[in-house]
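Remarks on the structure that follows.
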Amino acid sequence: MSRYFTATITANLSLNSRHFLMELTSPKNENQALPGQFYMIGAGRGYDPLLKRAFSLFRNTPDGFQILYRIQGRGTALMRDMKAGTSVEVLGPLGRPYPEPSKKQTSLVIAGGVGIASVFSLVEKFPKQAYMLYGARSGEDLFYVAELRDAARALILSTDDGSLGKKGTVMDSLQELVSTHAPLLNERLIMYACGPEQMLREVSHFGMVHNIQTYISFEAHMACGVGACLSCAVAVKKKKRKQKSYQDGEPLYKKVCTDGPVFDAGDVAW
Amino acid sequence: MSRYFTATITANLSLNSRHFLMELTSPKNENQALPGQFYMIGAGRGYDPLLKRAFSLFRNTPDGFQILYRIQGRGTALMRDMKAGTSVEVLGPLGRPYPEPSKKQTSLVIAGGVGIASVFSLVEKFPKQAYMLYGARSGEDLFYVAELRDAARALILSTDDGSLGKKGTVMDSLQELVSTHAPLLNERLIMYACGPEQMLREVSHFGMVHNIQTYISFEAHMACGVGACLSCAVAVKKKKRKQKSYQDGEPLYKKVCTDGPVFDAGDVAW
Amino acid sequence: MSRLDVQIGSMHLKTPVVSASGCFGYGEEYSEFIDLNRLGAVVVKGISLKPMHGNPPPRICETPCGMLNSIGLQNVGLKVFLKEKLPFLRTFDTKVIVNIFGNSMKDYEKLASSLDDAGVDAIELNVSCPNVRKGGIWFGTDRKMLGKLVAAIKESLQHSVLITKLSPTVSDIGEFAQIAEDAGSDAVSLINTIPGIAIDINTRKPKIRNIIGGLSGPAIKPIALRMVYETYRRVTIPIIGMGGIMNASDALEFIIAGATAVAIGTANFINPLTTVEIIDGISSFMKQKNLTALDDLTGSLHAG
Amino acid sequence: MSRLDVQIGSMHLKTPVVSASGCFGYGEEYSEFIDLNRLGAVVVKGISLKPMHGNPPPRICETPCGMLNSIGLQNVGLKVFLKEKLPFLRTFDTKVIVNIFGNSMKDYEKLASSLDDAGVDAIELNVSCPNVRKGGIWFGTDRKMLGKLVAAIKESLQHSVLITKLSPTVSDIGEFAQIAEDAGSDAVSLINTIPGIAIDINTRKPKIRNIIGGLSGPAIKPIALRMVYETYRRVTIPIIGMGGIMNASDALEFIIAGATAVAIGTANFINPLTTVEIIDGISSFMKQKNLTALDDLTGSLHAG
């Protein structure tokens, strides 16, 4: 059992021109990833591109797992061109998963764009439990809507161009949800979010204002994925007692790869 | 019409575990390569491997050309894995072809190993004209024997392990040919050879001893393929009058890519 | 049977493969993937007297066949290292080499003597980190300061072997190696990363927040090899070679160029098994070539 | 409409893209593939007083994202260049920059004044070739000699613009750029290749006959960019930036780091259309960003 293995691609489907779903095998007896964890995948042959790329667990399968990825640069473009049967080197599962909601808690799950990849399996894991808010630029960038509708307690879609769901952002949907379902705020809420940084910032703010326990999944440029290189720094708030030995005024960093990628929104120093 | 173009791979066949035949398209109206000329092919995506690889014209096709290649290192290993439909960048045809035999000349064509790639189309171009000597390590490394038997006036195969044709080298075959067919040496002979350097050296020596016009195809590490970088130097003999302006004692170099790859054996300074 | 052990000063390494500082955390991070007992030594992330937070992100970016980093020497500091990190490493049968970094001669001396007292096997003087402006970089490119620093540290050490890690940003690395040797260094290690930049043309911002980062990975291998070769011809102390080593073949190139041991940095990120795969690869190569000891290879370049 | 023209001393280039010396032959070799009229200038292979045969093969080898070369400055010599190569280049509406190399100050002076007389647009002093031991490399890393050489050549020129090509094997390239500027150089170009080695582990021979070759290609881009950035902050004369530029985006990185023009070397070997594709790419970028002149970009790195 090792978290470094050679996986075989069993499917690589185009969801639209920029988004793809890749299914990979993982070794027998290997730990399955938990919602919020991620894998690092070698996209190149030769040493260019050099570094592995990080992708959230989208969904576990009987023989491995799936990732949902967006074409971003060179690495993801190479991945798009990989055919079923191709082998790739994989490191994972990595990082800390989303803390699970307790029985008494009601989940609010918020996904922006390809952020869906990270929270999809969380929603599926607790069927009919979560209020899911899912937004993207336009309808064709909203994926697995039918599955989400089945899995969520309620699914609220939004798009920037109004082509599917409400016109607006997930934050607009969130505001509307709590104003139309005011009693919701009296439930014991736990909020999960993955998406663009600006969205995460707003979600965190919302969580603070309404005093909701909020977990957000972060991205950072990574080299090792296992906490060895200190590449993936994210600034966090200092706890008083820990601050002493460090020089004043300097920010304190945590590692997205091992301390995260899921952070308690209250800890992040925006 | 340009000698730099994007070709589509239309076939990539395994001849045995180390040898492959790749068929590529070339642009309409593009000049076809002549026997002895070569192409440079981009084997990588990204910049590793960086340089294009040189391959002789194996055979022209209606829509392009074929190369016969042996797995040598990283570049050829990547080529092996390319599927029909893949695009590659190509430069060529490059270099000087074999001078054609005159009507009155009898050709002796000698190929060692993958050297067959360079002379195959020469033999096919002048059907039933050439005495062809073709050797390799073992029978499974001798390719397109049936076609060669049709194309050549006589085909003499040899293998190091005796598994096909005579046991021995092409040089043994050559010695035997001229001793059993002594009158051959009275014909107006022209000799062509491609293969390992040691073989080329021996062929050149043979040509000199028997006063046969001899052309050999050289290999050198290349970057540009068009005479611009001076990477592909091969030492040649100095002509008295040319020597003056250079410092004494220094060797004189020619470029394999544009002065060759085919050289008059008498010009090479071994 | 071929022997893979090598000698770095008075320190005996069971294999010539060690981790490169900053690329292997404090050993723990990779202990899940490989058996640390197989390494000649674990070289840990650069340690300073006080803990350091490091630079603001983004701290790395990918470049052709390489990466730039500007971690800014984030580290737990001497105290935590001794208390929390060293004991773990001590549970393995491998040497511990501690890379140290200071802003002044005094910092270095304090660090070295504390670590020497704590019984670490060797101290690697990082005088060549491109990511912190003051201090380090200055020693690494200033002939007089380097000699003084090395001599002072050597003086202060009782047991630990002293390794000086050389800066590649000099026109003659052999000269600096010689200064280290003359000042008493037991070995030199090279190369550290080479300062570089990458720019996002859309935002016109550097891709690394600190602007300049250190280049590592396969891209720098030819440069690193050349520097090892040049150094080997100038000093008699052992060389720990590094820079872009990805596999056994790369490692053997360094050994043939003159390295007694090799350090593996960036490659760990690509394949966490690299170090042990290299040990196995060197071992098979030696068997295949009927070599009995690494000495037969070190510096054996036929440069005719 | 965005303007792509730039000024290097008194020389006006219609586009900021030129060929790098030694990677474009004498222009003829690529004239079949691209319209030379579109280039800002053609920079030709280094010329010496007498023709030179160059080094024995193998002269190149591939490395990760790069290549090593040790051509050894093979060239036709001044006489043949003037008689056979220059007239061809003169048939194009592009500037001609001649890279020159000598073993002594006198060599350089003779070369420079003959070429000046022949009316070439600019002379690029190659004081940084790693492949010939004596001469060149020495000027490039010796502060006094460099200043003297540049001043002497500047003195001897009537018309031609003087460009000094800097060696990357120094710890502070800005300092050398400043020496060139102070001595009267009209511009600096950088970087030349970085010395490197590759070894065949089976034969234990260097992959390049001359042992050390010069590293070029994408691998060195981060280093080259950093040196352009450092140089830009030290001198006011224009910089011709090069080192691993493969496409328009790379070229723009150099311009944003401080280069007035860019030179394309190794990329020509991979794609002979690179130079013109870069010109087109820069042009679209400027349109897309509503920039009217390249000056708006040069050195515009937001280094906050």
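All chains are identified by letter, namely A, B, C and D, in their written order; residue positions are counted from 1 within each chain.
Keep this in mind: a residue touches a chain if its C-beta (ideal position, glycine included) is under 8 Å from a C-beta of that chain, and two chains touch if they have at least 3 such contacts.
Fair warning: this is a prediction, and the values are worked out from it, not measured in the lab.
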Joint neighbours of subunit D and subunit A, given as chain labels: B, C
Higher-contact pair (C-beta pairs counted), A-C versus B-C: A-C
Euclidean distance of C-alpha centroids - subunit A vs subunit C, Å: 36
Gap in Å, rounded to a whole number, between the CA centres of subunit C and subunit B: 47
Intercentroid distance (Cα basis), subunit D paired with subunit C, Å: 34
Separation of mean Cα positions, subunit B and subunit A [Å, integer]: 55
Residues within subunit A bordering two or more other chains: 46-49
Where subunit C touches two or more other chains, by residue: 64-66, 217-218
Pairwise touch network: line, ring, star, complete, or other: complete
Residues of subunit A that touch subunit C when the two form their complex: 2-4, 42, 47-52, 89, 91, 220-235, 245-247, 250-253
Sites on subunit A touched by subunit B in the complex: 44-49, 74, 78, 83
Subunit C residues touching subunit A - in the complex, by the definition given at the top: 22-25, 29-30, 32-33, 45, 50-62, 64-67, 69, 71, 74, 77, 79, 217-218, 246, 266, 268-273
Subunit A - residues contacting subunit D, complex: 46-48
Parts of subunit D lying in touch with subunit A, wherever the complex brings them together: 64-65, 218
